[in-house]
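The first chain written gets the first letter, and so on, giving A, B, C, D, E and F; residue counts start at 1 in each chain.
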Amino acid sequence: LKLLVVNCNISSAVTEVIVHNAELAARPGTEIIGLKPTWGPESAEGFFESFVSAAAVLDAISTYEGPFDAVVMAGYGEHGREGARQLLEQPVVDITEASAQLACLVAHRFGVATTLTTTIAGIKDSLAIAGLADRCVGVLATDVPVGGIADDEAETVDALASVGAALMMLGADAIVLGCAGFAGLDRMLEARLGVPVFDSVTSAVVVAEALVSLGKRTSKSGPYAAPTRDKEWVGWPVSSGRLVARDEGLGANRP
Amino acid sequence: LKLLVVNCNISSAVTEVIVHNAELAARPGTEIIGLKPTWGPESAEGFFESFVSAAAVLDAISTYEGPFDAVVMAGYGEHGREGARQLLEQPVVDITEASAQLACLVAHRFGVATTLTTTIAGIKDSLAIAGLADRCVGVLATDVPVGGIADDEAETVDALASVGAALMMLGADAIVLGCAGFAGLDRMLEARLGVPVFDSVTSAVVVAEALVSLGKRTSKSGPYAAPTRDKEWVGWPVSSGRLVARDEGLGANRP
Amino acid sequence: LKLLVVNCNISSAVTEVIVHNAELAARPGTEIIGLKPTWGPESAEGFFESFVSAAAVLDAISTYEGPFDAVVMAGYGEHGREGARQLLEQPVVDITEASAQLACLVAHRFGVATTLTTTIAGIKDSLAIAGLADRCVGVLATDVPVGGIADDEAETVDALASVGAALMMLGADAIVLGCAGFAGLDRMLEARLGVPVFDSVTSAVVVAEALVSLGKRTSKSGPYAAPTRDKEWVGWPVSSGRLVARDEGLGANRP
Amino acid sequence: LKLLVVNCNISSAVTEVIVHNAELAARPGTEIIGLKPTWGPESAEGFFESFVSAAAVLDAISTYEGPFDAVVMAGYGEHGREGARQLLEQPVVDITEASAQLACLVAHRFGVATTLTTTIAGIKDSLAIAGLADRCVGVLATDVPVGGIADDEAETVDALASVGAALMMLGADAIVLGCAGFAGLDRMLEARLGVPVFDSVTSAVVVAEALVSLGKRTSKSGPYAAPTRDKEWVGWPVSSGRLVARDEGLGANRP
Amino acid sequence: LKLLVVNCNISSAVTEVIVHNAELAARPGTEIIGLKPTWGPESAEGFFESFVSAAAVLDAISTYEGPFDAVVMAGYGEHGREGARQLLEQPVVDITEASAQLACLVAHRFGVATTLTTTIAGIKDSLAIAGLADRCVGVLATDVPVGGIADDEAETVDALASVGAALMMLGADAIVLGCAGFAGLDRMLEARLGVPVFDSVTSAVVVAEALVSLGKRTSKSGPYAAPTRDKEWVGWPVSSGRLVARDEGLGANRP
Amino acid sequence: LKLLVVNCNISSAVTEVIVHNAELAARPGTEIIGLKPTWGPESAEGFFESFVSAAAVLDAISTYEGPFDAVVMAGYGEHGREGARQLLEQPVVDITEASAQLACLVAHRFGVATTLTTTIAGIKDSLAIAGLADRCVGVLATDVPVGGIADDEAETVDALASVGAALMMLGADAIVLGCAGFAGLDRMLEARLGVPVFDSVTSAVVVAEALVSLGKRTSKSGPYAAPTRDKEWVGWPVSSGRLVARDEGLGANRP
C-alpha cells in the first residue's frame, strides 16, 4: 500500500517531519511517499499563499509518475482538495477533514489550534465547505509560524497547550492540531491537556489506509469527474518548465 | 486488536451477517467479537424500537466482561451512541457516522438508502446531531424491512439500486447503505450504480481500526465523562434478570 | 381531562414535586396522574442515564392501563419523546419543548438554567432536534444535582438566580428552568430576575390542556405511525418481569 | 379571562369568523373581545398590505381602552407581532407562532396551506424570525383570496385538501391553515386528510389561555421593553383622526 | 438620475443630514430628493416605532408624485423594505442591505455599531431576512440615541470608536454605522480604527446609482408583484387626511 | 477611474467579450483595463481548472504594473477572490458576489444559470463562503461550455431561457448569468423571461465604481492583511518565466 503524502509547501524540513510521522503512524506494509511542490512559498499561512500552493500541489500530483493507492493532502486548511479529487481515481484524504472526523468519534466538540491568525479564516472556510463546522467550537492561533514550530519544541508545545486550554473553555473536549508541521506533538499535548489530541497528518494516514482497505475510489459521476482532456492549456504543468516567458509574446495580457 | 461489534437487535441472523462482513473487512490480526442485546425487538425500524434498542445495547455493552479495544455500534441511525461513549474509554464508532465520513472523502454529496420509511426521520436526526447532514442529499427507503433483506438478495439489490439512482438524481455521487443488515451488498451496487457505495458496518470497522492504531480514546473531560457511580439504580442492568416484578411492589408506579 | 405526567426517573420525591406542581397549574377538572418508571436511575443527568430512562419511560407508558387524554413527559432534555409519540394517539407534550415554546411568546430570546454540566449537551441536542434552538442563547448549569434541589431550597434558588443572570447577559429576556425537579421555583426567580421564568412541568401541563381542548391527536401518517405489531420481542416490557435471565441461555450474546 | 383577538384587516366578516371560532375554542369563562383596525386594507395579502396592517393593528391595540389579559394577533404571517409585545405587558400570541408550536407537538413536520402565492414569502419570513422554520416542509397557496374563503366553503375545503395533500407529499404529517379566515375548517380537513390540521386562531386562543393561567407576562428587560414616552410623535395614533392634512403644512415632506 | 432618499422618521434635522451626505456621495448629475413621512415618531428605535415608521414611509412613497429613478430607504434596520418593493418598479435600496453588501467586498467580516440597545434585535432580524447575517460578527450599541447624535459630534465619534473596537475584537475587519443619522462620520472613524467604515446612507446612494446605470428594475414576477388595485381600503393613505374620525362610526372596532 | 477586469482564463475571445461589455456598462471616465492570465486553461469549468486559474490570476494581478483603482475578478464561481484581497489595497469585486448582491436588491430570490454541470458545486461553494447562499434557489446548467457560448448566440439564449424558466419554477424572481462569457445577454433574457437578469461582469463593474467613488479600500486588519514579504518563494511568479526546469534539480520532489 503506497500513500502519496503531499506537503503544501516547498520546505524540505516540513516535508521530512510529515513523512517521518506518517511513517510512524502507518501500518507495516504501508509505504509513505513524500511529495512537495517544486514551486510556491515555503509555507502557506493565509489566502494568497494557500491559493498558490493549491495550484503547485495539483501540479506535483498530476506530474507524479509513480504508482500510489491514495493521496494524503498535508496542508491543514489549504485549498486544492476538490481539484485533486477531480484529477485522481484514488482516494484523496485531506488532513483537515480526516482529523476533524476522527475527533468527532471520541469527543462531543473539537477545537483547532493553529499557527498564525492569518490562517484562521481559511481553516474555517475549509471546515465549512467540508460540512464539518457544526461540532467545531473555534479555531485559535498560537502565533507560532510554520517555520518556527521546530525552533523550540518545548515553546511550541507550551503555546499549543495554552491554546488548547482556551479551546476547552469554549467547550472542546478534543483538540486538533491545525498544521501539518505540528505532526508528532499530539501525545505530549494529550498528557498536558487530558483530552484526545489529533495530529492531522497521522489522522489522514490511518483514514487513507482504511479507505484503501475497503477498496473505495473517488467518485467520477459528479463534480469530481475527470476534467476534459481536449482543452487548450498554456504553461501547464508549471513544473515542466515549458512556460514561455512573457517577452516571447504570450504574456501580452491585454486582449 | 479486538473489536466489539454490537448489533442493535436480538436477531442472530442479522448479527451473523454483521460479524461475517466485519471479519471480511478487518485487517489480519483484528478479532471481531459479535454482541447483541439480550432483550428488545428483532429489528429497530422507528423511534420507539430505536429507543428500546438503545437501552438494550447499553446493557449489553456495560455487562460485556471480555477485553476489547473499540466498539462498533452496528445499528444504522439508531440511538444510544453518546451513551456508549459515556460508558467506555475505548473509542465508540457508530456505523452511521463512520460511513458518512468516508463517503465525504471520495464524493461531494452522499445519499442514504435505507429499509422502511419509518426509519428516515431517526436517521436524519442522527446525522444532524452528528453534524454530518450538510453533505447528505437525502434519505430514501427501499421498503425492504430488516427482516426481509436476506429473503431474496437479488430483489434487495434491485430495490437498493432503484433508490440509489433516485439519490443520484438528487445530487448524490456516493451512496451509503443505511442498515447494518445490508452489509456485503456494497460491491454489487457499485457495479450497478457506478459510484462508490458504502456499507456502514465495514466502514466502521476500518475506522475503528484506524482510531485504535492511533491510540485514541474517548474524551472524558466533557459530556462523555463517566457517569457517577454512587447513584441508586433499580432493575439495571436489565439483562441481569434481577428486576423485581411489578406485583412485588416496586411497580407501584403512582407516587 | 386526565393528564399522565411521567417522571423520567425512579425517584418518588421528584415525582411528588412534579405531580404537586402539575396539580397547582392544572385547570379545575384536570386530573393529574403521576407515573414513574419501575426501573432505571434515580436521576438522569447525562447521555447514558437519559437513554436508559427513555426505555424505562416508554415501558411505563406502554404498560399503563388506565385512561388518559395526554401525556406530559417530565424529563427535561431527556430522550424518548418521539418514541412515546409513536406509541400513543394522545398528544405527548415534552416539557423541554413546551417551556421553550411558551418562553418564545413573551420574550425575544430565552436561556436554560439546568442542574449539572453533564446534562447540557443532551439538552442542546433535544432543543435542536425539536427545531427550537434558534432563540435559545445558551444552556448553563447550576451544579445542583437533581437529588440536591430540595435539600436547601434557598441555595437552589440562589444558584438558579446566578445562572439566570448570566443567561441574561448572554441576551436572554426569559429563563427556562431546565429540570423537572425545579418545579415550583419559577415565581421566586421571577421576583429575583425581573424576567419571565418558566417552569417546564407547569408549561407542559397547560399546553397539554390546550391541545386536548382543541381535540388534537398525534399524527399517525408519518414517523409517529404505530409500530408494527407482528414483530418478535424478547424481555419487553422489562417491567413485566418476564425477562429470562442470562444463564437460561438467551444471554448467549455471541451469534 | 378576557382575550383581545385582533384581526389584521378592516373586514367585519372576517372578524366575525375569527371571533366566532375563538369563542368556540375558548374555555367557559373566557371572554373573546374582537378588535379590528379602523384603517387599512380589507385583507393583507402581501408585504405592502402587511406593513400597513401592522401599523393599523398597533394603533387599534394601543387605543383600545378596556381591560384584557392577553392579545391574540389574528393575522397569519403578518407583521407587527414584536411591536405589540413592546406595547403591552400582557402576553401577545401570534397565530402564526402558536399554530406552528402546537403542530410540532403532535407531528414531526408541518406544512402551511395559505391563500394567495403573494403571501408565501411573508409567511416564511415570519416563521424564520420566530425560529420555527426548521420543522416546516413548505408553504403552499390555494389561490383562494381572503375575501373568497366564505364564498363557497366546499370549494375552499377542496382547495385546502389539495394543498394539504401536496404538503404531505413533501413530508408534512400535520397541516396548519395559514389564514385567520380559514378558522372553523380544520375538522373537515382532518377528516379529508387523516392528519392533524391546525386552525391558527383557535390554536392561539388556547395557547393564550395557557399563558394567562400560568400568570406569565411579556418580558420588559429586552427588546420588548416599553417604548420611551417622551418622544415627539405626529399624527399618531392615526385612528384619533387628529392628523393634520397635507395642505395644512405638515405634509411639507421635503426637508 | 433622481434618487428619492426616504428618511424613516419625521425629524427634519435627521433628514437634512441624510440628504446632505447623500448629495456628497452622489455622482455629478444625480439629484437627491429628500422625503420623510408626515406622521409617526421623531426616531425609530425599537420594534413598535419601526412598524409605525414602515407604514408612514410607505405612505410617503406611495403619495410622492414626482419622478424618480430609485429609492433609498434610509432607516437602518427598519421595516417596510419589501413593501416598498411591491409598490414600485424602480429599485428600492435599503441602507441596511447596501452597506452590508459593500462591507463584504472589502472585508472578511463586518460588525454593526448602532444607537440604542433597543434597536439591536430589529437590526439582526433585518440582516437575517436579507440573507446577510452570515458575515456579521455582531451588532453593538453606542447608547447614543438618534436624537443625540448631532449634540456632540466628538462624543458620538468616541462612542462609535469604542463600539467599533469591540466589534473588531469579535472578528470584524470592517464596521458598518447602523443608523442613517451617523451619515458623515465614516471617514473620522476610519482614521480612528484603521479599517473600512461604511456609512449606510452613502453606501445605498452609490449602489442605487449602480443599479440604475444597469437599467435594472424591481422584479414583478414574485412576491414584489404590485398589490391588487381593486381592494377596499379605509383611511389610506393616512397622509391624505381623509381618515374618518372614530366618532363618525367607522371606528366601531368591535365586530 | 481605472478598473482592472481580470478574466480567469487564457482565452482572448472571452476576455474581449468581458472587456467590451464592461466598457458598455462603465460610466464615462471609467477606463476598463482587460487582463488575463498568461498560463492555465482556456476555460475554468470545474474544481481542478478553477484552482489552477486562481493561481494564474493571482500571478497576473501581482505582476501587473500599471495603476488601477479596483479589480473586477471576472471568473464566475472561481477560486482566488480572497487571495487577491490579500494582495491588494484596492477593492476586489468578484463577479459572483456583486451580481448576487444586486439581484437581492430587486428580487426576493435569485437563481443562477451557468455553463456545465461540472461548475455547479464550485459555484455553490463560492456563494456559501461569501454568505450569499440563503436567497439563491438553485444553480442549474445550460450544458453550453464556455467555449461554445459565442458559437450560436440564439442557441445560447434559448438554453439560458430554458434554465431561467426552471429556476423561476423553483422560486427565483431574478436570474444571474453564471459565467463571465454570458456578458451582454442579460437584456435579451429579460425580454424573454420577464424578470431582472443580471450579467455578472457588468454588475461587478458598477459595484466597483460605487466602491471607488466612496473611497473604500480593502481591509488590512484581518485575514486580508498583506502577506509577509520575507518568505522564501520558488518559481513565483510563474509568469516571470524564471522557473527552473525539473531536470535542473529543483524538481527533486522527494524530500
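Basically, a contact is a pair of C-beta atoms (placed from the backbone, for glycine too) under 8 Å apart; a residue touches a chain by one contact, two chains touch by 3 or more.
Small disclaimer: the values here were computed from a predicted structure and weren't measured.
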Exercise. Enumerate, in label order, the chains that touch chain B and chain C alike.
Key: none
Quiz item: Which chains are in contact with both chain C and chain E?
Solution: D
Self-check item: Pair with more cross-chain C-beta pairs in contact, given C-D and A-F
Solution: A-F
Exercise. Could you put a whole-Å number on the gap between the CA centroids of chain D and chain E?
Key: 26
Quiz item: CA centre of chain D versus CA centre of chain F: separation in Å?
Solution: 45
Quiz item: In whole angstrom, how far does the Cα centroid of chain E sit from the Cα centroid of chain F?
Solution: 30
Exercise. Would you give the residues of chain E that are in contact with at least 2 other chains, written as numbers and ranges?
Key: 82, 85, 108, 121, 222-224
Quiz item: Which of line, ring, star, complete or other matches the graph of chains that touch?
Solution: ring
Self-check item: Cyclic chain order - from chain B, heading first toward chain C
Solution: B, C, D, E, F, A
Practice problem: Using the touch rule from the top, collect the residues of chain C that touch chain D in their complex. | Solution: 25, 27, 82, 85, 91-94, 97-98, 101-102, 104-109, 130-135, 168, 171-174, 187, 194-196, 198, 202-203, 206-207, 209-211, 213-224
Quiz item: Which of the residues in chain B end up touching chain C in this complex?
Solution: 7, 10, 12, 15-16, 19, 33-43, 45-52, 54-56, 58, 60, 64, 79-80, 82-87, 118, 120-122, 125, 128-129, 222-225, 227-228, 231-236, 238-241, 243-246, 248, 250-251, 253-255
